[in-house]
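What follows is one structure encoded as structure tokens, with my remarks underneath.
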């Protein structure tokens, strides 16, 4: 789960990382009041889960409270990469002497949190990594010992020479690491970490992603989720215990298991079709999940046919068949449905489907090629 | 540094360990008010750094606020093992179903924090260890991983069978470990850990010792030191940067280095004398320390002679000689002083002492046998 | 012979009285797995299904039954603790089925597992099965048949799909291992490839990967350098969009890294026969086994 | 040959620009120790005494000078971190002079030191000296003379006292090691006894213990079982009261355990000649060396 900049800022601030003054506003009036409180020139920053906000016109300077209100009224409601801006962050326009990059990721290979820092900050770190890899210092942290003081200093020395700034940055590294570990982050970035002409070290922008697995035990973090920034269908799916990702095609897919769901999408493509979604109903056998899955898929007007691909293991195929039966009784499904199911309680499932006039296929390739053909006919 | 029960209780409570209601009082009136607030029968407990408070009459039940005031007025000011009671803890008299022991020590051998728990609580754990060692479970904690959940459960299962109590006790173990590590304790004990007839698990009494080395970086803990519970000479010595321990003899000792100080005491005894103190002026060369050391030692009326034993390494012996000279000029010392010094700047030191009519010996045995002889003559 | 589990497996089921644990404990027992103990704190002394002794702690179960393998069905919040407990009790092979274990917890679990020389499979995995000998986890026993093809997969139901294709084509399996779809897992492709390469009862290997990370690329290098047995591979997620987590916590294309195309190319370069779809497994394997 | 330090010692001084660090760095240089580098964060690029290069980090100093030994004079609050840094930089022998290191920090330092296979001496110790070769720490060089007696001690000035007695009696030392008076230390008596036993240039061993803990008792057992060279021992604190910390954090009799009497008895039982007072060292040693 990605946090908004203002949320990431709040976590860092609570951990003692120096961030500029400022706060978030949902209306031009709030933004104006903040601007007045802060005084001087401020920056108004769109809060959306998208990179390149600046280029998209989502980050602007405002010299007066009135101008802040004006700019906020433009940015609020703006679309950036398909996402509507609902909030802006208003912060003082900082004088910047230098910009550095500080990132901390959960690295799969080393199975550790890994710091990446670079004095070339404020820009895309992947670009720096590709073009000037010697400008990045990479440091894995052994979670048994945590970030050791000399490691924090080594990271800081890579960014600064002035010992006061080095110590300030090392302190920020320690606090960032603490935020990362205590909140189960998969990514925590300060970009840019700036120095002011007076020599202060400040986190000017921050990005934090929380491991979704962390949210169950951390309702305080789960509350930070901004569902207005997500596809409504994906929100509905998550609430129903489904994993759903909207795609551009027209073949709706209902599958049990993430790997099989991906392989099903791939097979749709293989047979010349285009999947409309990724949808994993998970391992449990709840007919309600199937009903909800069908509701979500049929709400997508581009879906021309629906494919079920169920390999019964923990999932009982008769539960899935019952779910289809219940759904069709509750609401009309106007596109054809192709069902493939095999495994646990397959015979019972086939009977249930036959009872409502449907046939069940047992071969994945047969089912996929059939659904692709149906879409072709409909077109 | 030992904490009082009420201080240890506060640390545990802040960490979420369930402790009975109650608070500390310095006057009978405060105790009475607490008793009224708590309601019902209360226990009034003397707050002194000494075991066996109960046997000494320092722990009493009081049925009413008036009785609480009466009992508090008896306990406050009472002497327990030579220590004056300045504070009492007033807590509700808990109904107790079972009593267990939970201790956590910094173990030198394993170099780890080690839990010791026993269902035979409320009594002296060393006695349990000696008589029924199978009633104690010992569990070292790897500080790299902390107290693992199953370890906390194993400790708790050793005390209880009811799963609710087991889980409650496991939770207490985790919190106790956290208190231990975060406050740099060398010992943290809950004795007894009780269950109430209703099944609640409560820390009824607690004892925590903080590693003295921790205090420099933790002023909040250093503030908990109760100097009224210490020998005033030892307090004065600590403030002067000296390590001083009062003993029963009559030969005052001023030594640099803890090992040499102990060996000097031993040698006094070897030659038939009795050391009046342990006193280590430490490694640095500050003449003021010597002045303060002499002040503290001469304040002890049982001291009949004073021995300096200085092996100059970091310590410059001329600094020590200057300290003696300054002290003697500042205040009269009515007992004989024998000085042994050797090492760094020995020649200069000898000259300084000769200048004030003193001789310096260079051999430790000679000096000690001489000071013991002087005490013998004086007797 | 077999890989990781087999006829010598003496299994303790952690969370045996829970919803998932009890269901699958029964399934494993029916399959013939030696389920020697269960663990549920507070239920020590009971018997599961009237036969399997239940203990409060894994250490007690090991002392009483000589369990050497553990399977974990406890909820996410307790799963990492359950792995620590099993490893600390001296269990050699720990299989964690639980999905949703916080990844930061796994960063602490893994050094512990390694220090103790234990093997962890998972978390968030379907477990392993050595057909005819032992089933540890949730892979349906009915779709497997004993044989000489080893299978390793990051997925659950996709594994079933492929195993099923093999069984229908009368190609039996030596051991099937689901290593799990999380970013940090105890046993990776290379561990399994090495085990299959060393297993005298395995003639060929099927490897089911997916998008995200670089495990498949490294596995391909390992195959190129160290595996002499034929390997057939698949990558799920050829049509997955970048930046989205495709169900599995680990199945995410970061920037341009971890794509299916990249992984399939690595497979090809290493001499691994690449399946375009699950149904390709039988013809490709048959061709390589000739 | 020598123990822990010697002519191959290439020393980096951590905290070289501090009050204690600079004083003792000079003393060590004057003694002839190869002080190849100093470390003080923020002072990288300077030269100490016009000759010794100062670095911001230990890693830099190792890369530039090939330092293999570190001595730490940084204040207590930074001392544990300085040990981590030295070990992490690949330093083989780390000697921590600093007094007052929080003991809880040492519980975290020690596993790190062990995992990396480094040797830590101290903290809160006077260091070591191999007379005529190298002095690392604060033991006055003037009282030592080269020879064939190894000395190990938990104390500082008491060590000087005994070394001085030896030197005055023309009994030279192979190496003198102060292991420190803290409850948790990197190198204990047994480590030193083993090293002296294995050192062809050591003929006899002097062991200076004190009250508190059980290290001397264990060392006595080790002497009984593994040391063939004569050992002479002393225990300071025969007159110390129980329950009081006698200056050293580790010098405390807990209950009835850790007393001088107990330790002296253990020495006797192991065939160690027990000194009743420091001056006994020369006659006892002379008798054992005949």
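We just call them A, B, C and D in the order they show up, numbering each chain from 1.
We take it that a contact is a pair of C-beta atoms (placed from the backbone, for glycine too) under 8 Å apart; a residue touches a chain by one contact, two chains touch by 3 or more.
If you're wondering where the values come from, they're calculated on a predicted model, not measured in any experiment.
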Path length in the contact graph (chain C to chain D, fewest steps): 2
Pair joined by more contacting C-beta pairs (A-D or B-D): B-D
Identity of the chain that, by mean CA position, is farthest from chain D: A
For chain A paired with chain B, centre-to-centre distance based on mean C-alpha positions, whole Å: 55
Chain A and chain C, separation of their C-alpha mean positions in angstrom: 28
Shared interface positions of chain A, touching two or more other chains: 144-145
Per-residue overlap in chain C, given as positions that touch at least 2 other chains: 108, 111
Pairwise touch network: line, ring, star, complete, or other: other
Pairwise chain contacts, counting only pairs that touch as defined: A-B, A-C, A-D, B-C, B-D
Complex contacts: residues of chain B adjacent to chain A: 144-145
Sites on chain D touched by chain B in the complex: 76-77, 99-104, 106-108, 110-111, 126, 138-140, 143, 153-161, 164, 181, 183-184, 208, 210-211, 213-215, 234, 236-241, 244-251, 255, 260, 276-279
Residue numbers on chain B that touch chain D, as the complex places them: 106, 108-109, 111-113, 126, 142-144, 181, 184-186, 211-214, 216-217, 243, 245, 247, 255-263, 265-270, 275, 278, 280, 283, 311-315, 342-344, 364-365
Touch list for chain D against partner chain A, complex: 41-42, 56-59, 78, 81-82, 84-85, 88, 108, 111-112
Contact set on chain B toward chain C in their complex: 144-145, 148-151, 153-154, 157, 163, 166-167
